[in-house]
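In what comes next, chain A is part of two complexes: it sits with chain B in the first one and with chain C in the second one.
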Partner chain A sequence: MTTRWHVDEALLVGWVEGRIGPVFAASVEQHVVGCALCRDRVGRAAVSDPGSDLPDFERTWSAIRDAVEVPRPSRTERLLAAGGLSAPDAMLAAGAPALRGAWLSVVALVVLFAAAASLADARAAGVTLFLIVAPLIPVAGVAVAYSVEVDPALEQEAATPYPKLRLVLLRTAAVLVVSLPLVAAAGLFLPTGVSPRWLLPAAGFTAVLLAASTWIDPARPAIAVALGWVITVAVTADRGSPVELLTGSGVIVYLVLLVGGLVALVLRIRHVGVRRRLS
Partner chain B sequence: MTVVDTREDAELLRVMGAGDLSAMRVLYDRHAPWLAVRLARRCNDAEVVADVLQDTFVAVWKHSGAFRGDGDVGAWLWGIAVRRLVSRLRRRRDVVVFADLPERGPLGPDVEEQVLLDIEYGELGPAVGRLSPEMRAVLQATVLDGLTTSEAAKLLHIPQNTVKTRLHRAKVRLRQSLAEGRS
Partner chain C sequence: MIRPTVELIGVGKRFGGTAALDGVDLALTPGITGLLGPNGAGKTTLLRILATVLAADEGVVRLLDHDLATPQDRTAVRRRLGYLPQELGFPRGFSAFRFVDYMAVLKEWGSAPARHAEVRRVLEQVDLATLATKRISTLSGGQRRRVALAQALLGAPDLLVLDEPTTGLDPEQRVALRRVLAETARAATLVLATHQTEDVAALCDRVIVLSGGHVQFDGRVAQLVAAATGRVWLADAPDPAAQASWRTGSGRYRNVGKAAPSAAEVVDPTLEDAYLLLRGATTSDSIEVPA
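Moving on, here comes the complex of A and B:
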């Protein structure tokens, strides 16, 4: 058969405009699904229908294009997601400066330098340098984990209903996971008594900063902690060995900071919450 | 205007699999209007129709390779669209589905009678027209749209058993009508 039945124009327009009964609509639909010619006619009728209850086709296309053009998650994101993080958590954690190459390179360089110096004849200077740097690495990590000045993208993220504290905790975890193994490896070259005791001030400072971040941008308290620590280590090194900072009363101070910081943090978590609100 | 070969649609799907968005644009221009009209005849909310249309083509983009070359692209697209509609409406009870349209449109009975002679359902048409709106809705969702009874139940917000009962009754009613018409 060369001639084929096609939907009557009045019926076709009636279907497009929703004016015909279900029986006729059904017959038009059964035909249109398999007839390219009538599909084209529907297209023209649908676009030219002024009082249409149909969606805006150009706007819908833009939405489709946006949806399919969303970039694939980065390798870090996919790795974090495979580790059990939800997709938005993975995206934000991957955005932590600690996971960016530059940050990692700086940490590695500083740590290697300190370790190398401690192996060379300037052993005491190397130990001092390591002691200054190692506990401050997680501190810097927390500071940049949630600082609008460091990460402009946070301005946008802060506008979303994503709890700030959850972001800080997530990114701090990312910082620690990435940085600590490097620092710990470098610490192995140091005389016993330094490693792994440097973890005590590191943990104390981190806990205090995390607690502080529930009130203020952690960048400022981080700078205060860093300055105080650098001066303390320098003064102690001048008087004798900075390793003394890791014994006796020093240990008690770090433990107080750690416990106090953690208690404050837990209380604040209960107060402000870290769960993602449903939007 | 020439009839567009359906094989070209299948070819577009193949090219889309390689990431060619312009191929989907062609497919969208060809199929979005009738899909939208058919969806709009099942759901009275233009926002939902737009969302379902979007869902459909996003799904098509992701699964263009799932199309089996032997079938009809139009039917395949509708299969995706109507299932997207089911999932969009699962939690929306405020949307009227399968609105009961006026039995006689402004077209006049002559045009409709003329057309009825040629449609696939032939003498079934008037019989379907005599069914209650509830039964027609079930018949449309299952027989015409190809949904399973469970999908139809979700779409119409009625228990699956009700779908089965209404479908059974609709078929009995149709058989009676046909028998009466022939005798």
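Moving on, here comes the complex of A and C:
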């Protein structure tokens, strides 16, 4: 059936607001049932009427779908948000593959092993193992922050406008926040002179890798740094005590790496930018 | 004249000693362009360059009026870009909704209500609204590809780069996808690489055939098909003179070659016939494409 006439605007608004008499109301109601155009106008009038007690179905439906579809933030995400990150940044940082279980298990196992060896008779072996592992944990943190080897969605992520360096820094920070306390706690079992000095090579390596990540995938340089460090510690341990690496000229090398890496990183931040624009 | 939204001048890319792309010149305008070519022709390399995830070694790449010379240029392009890569990867444990939402954050959608509405819009566009809460690892290959396509459609991009978008989709899904892509291409430049010539025939205004890192053909689909007119014929047996022959459902053989024999039953060519002819053509006997 084709409707040739439509409800007068004033009458329609009056009906929505409940201001017209029963005879007119019945007439409008009968027409609206058969006229899609006027039903649509009723919807608009109801939404634009702040006093209307008709529910906003659009908003209600969205809220219901949010409750069903939007996953609850993970523990890591909540922790990062509590630490001051915005909800979107916390979501991206927590999306780091490194924060999805396996990483923390490996860190915990290695650190526990080193600490256990230190407590047992093999104190020297424990110190060597701890020295090998502890500075490399932040190195691995950078490597897994943004690498095609560990992030299966990187190809899609790389084509988005979100600043890559910001993502690397966020994820590295998140990985360090959740793993360094474990390492630091294990370091308490070691002789004085090891802890907290291991933080020096850790900081130097991390700064250099973060700067390198602004040009290339950080996984390869991280592997090179790790291999170099393992060989250096092993050779030094074979000749005497690996703790020597944390004194004298070693300290100068780490400081040079740290300062050089930070300067390069700041220059690159200025060049490539880390500010994101969220609508 | 419409200003090109994608412009490549003398673009080259090498991997070790192999040239994946060599001296590629292209100028694309809004609409759908299909990219055909055998494996290793350079399709994916070209699309990765268009998606700004891979830098060309030589030549000029200009996308949406930006030269990609600076990080700011690349970011400006990425704000208007959607990309579906060939190899799909998803973070472990993510649902379809969470992944597209995660990608929306990377695409600078900050406000949660607007972002969630956009995520729902694109999931509905690819017909995945009812599977939004499913873990991606439990979805089929075609459904995963549609999840990845949904993230590419976020924000209605001006440039959409799709590497094999119909792989793994059943015929109904492919038709539905074609509808979505045709709708999107009304206001955008869409480049898609595929091995499915029927998708190109159904969707694209223009087709580019890559071979060995070079552009072998660049023109309208109808031009390429027209070039095969009179070169496709049916016979009761494979014709030794044909460049390619195969048995059809009717039991007869479809032959494509340089010219049909005089008494042969000539049939209308398809884009696949024309593509096969082009692929078989050497430099000396390349097929002549009418203007």
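Things to note:
To be clear about the criterion, the second predicted complex is superposed on the first by the 197 of 279 C-alpha atoms of A that agree within 3 Å, B and C clash if a C-alpha of one lies under 4 Å from a C-alpha of the other, contacts with A are read in each partner's own complex, and residues count from 1 in each chain.
Please note the rule applied: a residue touches a chain if its C-beta (ideal position, glycine included) is under 8 Å from a C-beta of that chain, and two chains touch if they have at least 3 such contacts.
Quick caveat: nothing in here was measured; it's all calculated off a predicted structure.
By the touch criterion stated above, A:65 is placed in contact with chain B and with chain C alike. When the two structures are aligned on the shared chain, A:271 is found in touch with chain C, with no touch to chain B.
Touch criterion not met for A:181: it reaches neither chain B nor chain C.
Using the contact criterion defined above for the overlaid structures, shared-chain residue A:5 touches chain B, although it does not reach chain C. By the document's definition of touching, of the two partners only chain B reaches A:25; chain C does not.
Annotation for chain A, partner touching more residues between chain B and chain C: B.
Contacts of A:228 after superposition: neither chain B nor chain C is touched.
Using the contact criterion defined above for the overlaid structures, shared-chain residue A:83 touches neither chain B nor chain C, since it reaches no partner. Overlaid on A, the two complexes show chain B and chain C touching the same residues of chain A, namely 65, 68-69. Put simply, chain A touches chain B in their complex at residues 5, 7-8, 10-11, 14-16, 18-27, 29-34, 36-37, 39-40, 42-43, 45-47, 53-57, 59-61, 63-65, 67-69. Here chain A touches chain C in the complex through residues 62, 65-66, 68-71, 87-88, 91-92, 95, 97, 100, 151-163, 167, 271-273, 276-279, going by the rule given at the top.
Considering their complex, residues 51-53, 71-72, 75-76, 78-79, 81, 83, 85, 87, 89-93, 95, 97-99, 101-103, 105-114, 116-117, 120, 132-133, 148, 151, 161 of chain C touch chain A. Residue ranges on chain B touching chain A, taken from their complex, read 1, 3-6, 21, 24-25, 28-34, 36-38, 40-41, 44, 46-47, 49-50, 53-54, 57-58, 61-62, 72, 74-75, 78, 98, 100-107, 111-112, 114-116, 118-121, 125-126, 128-129, 136, 140, 144.
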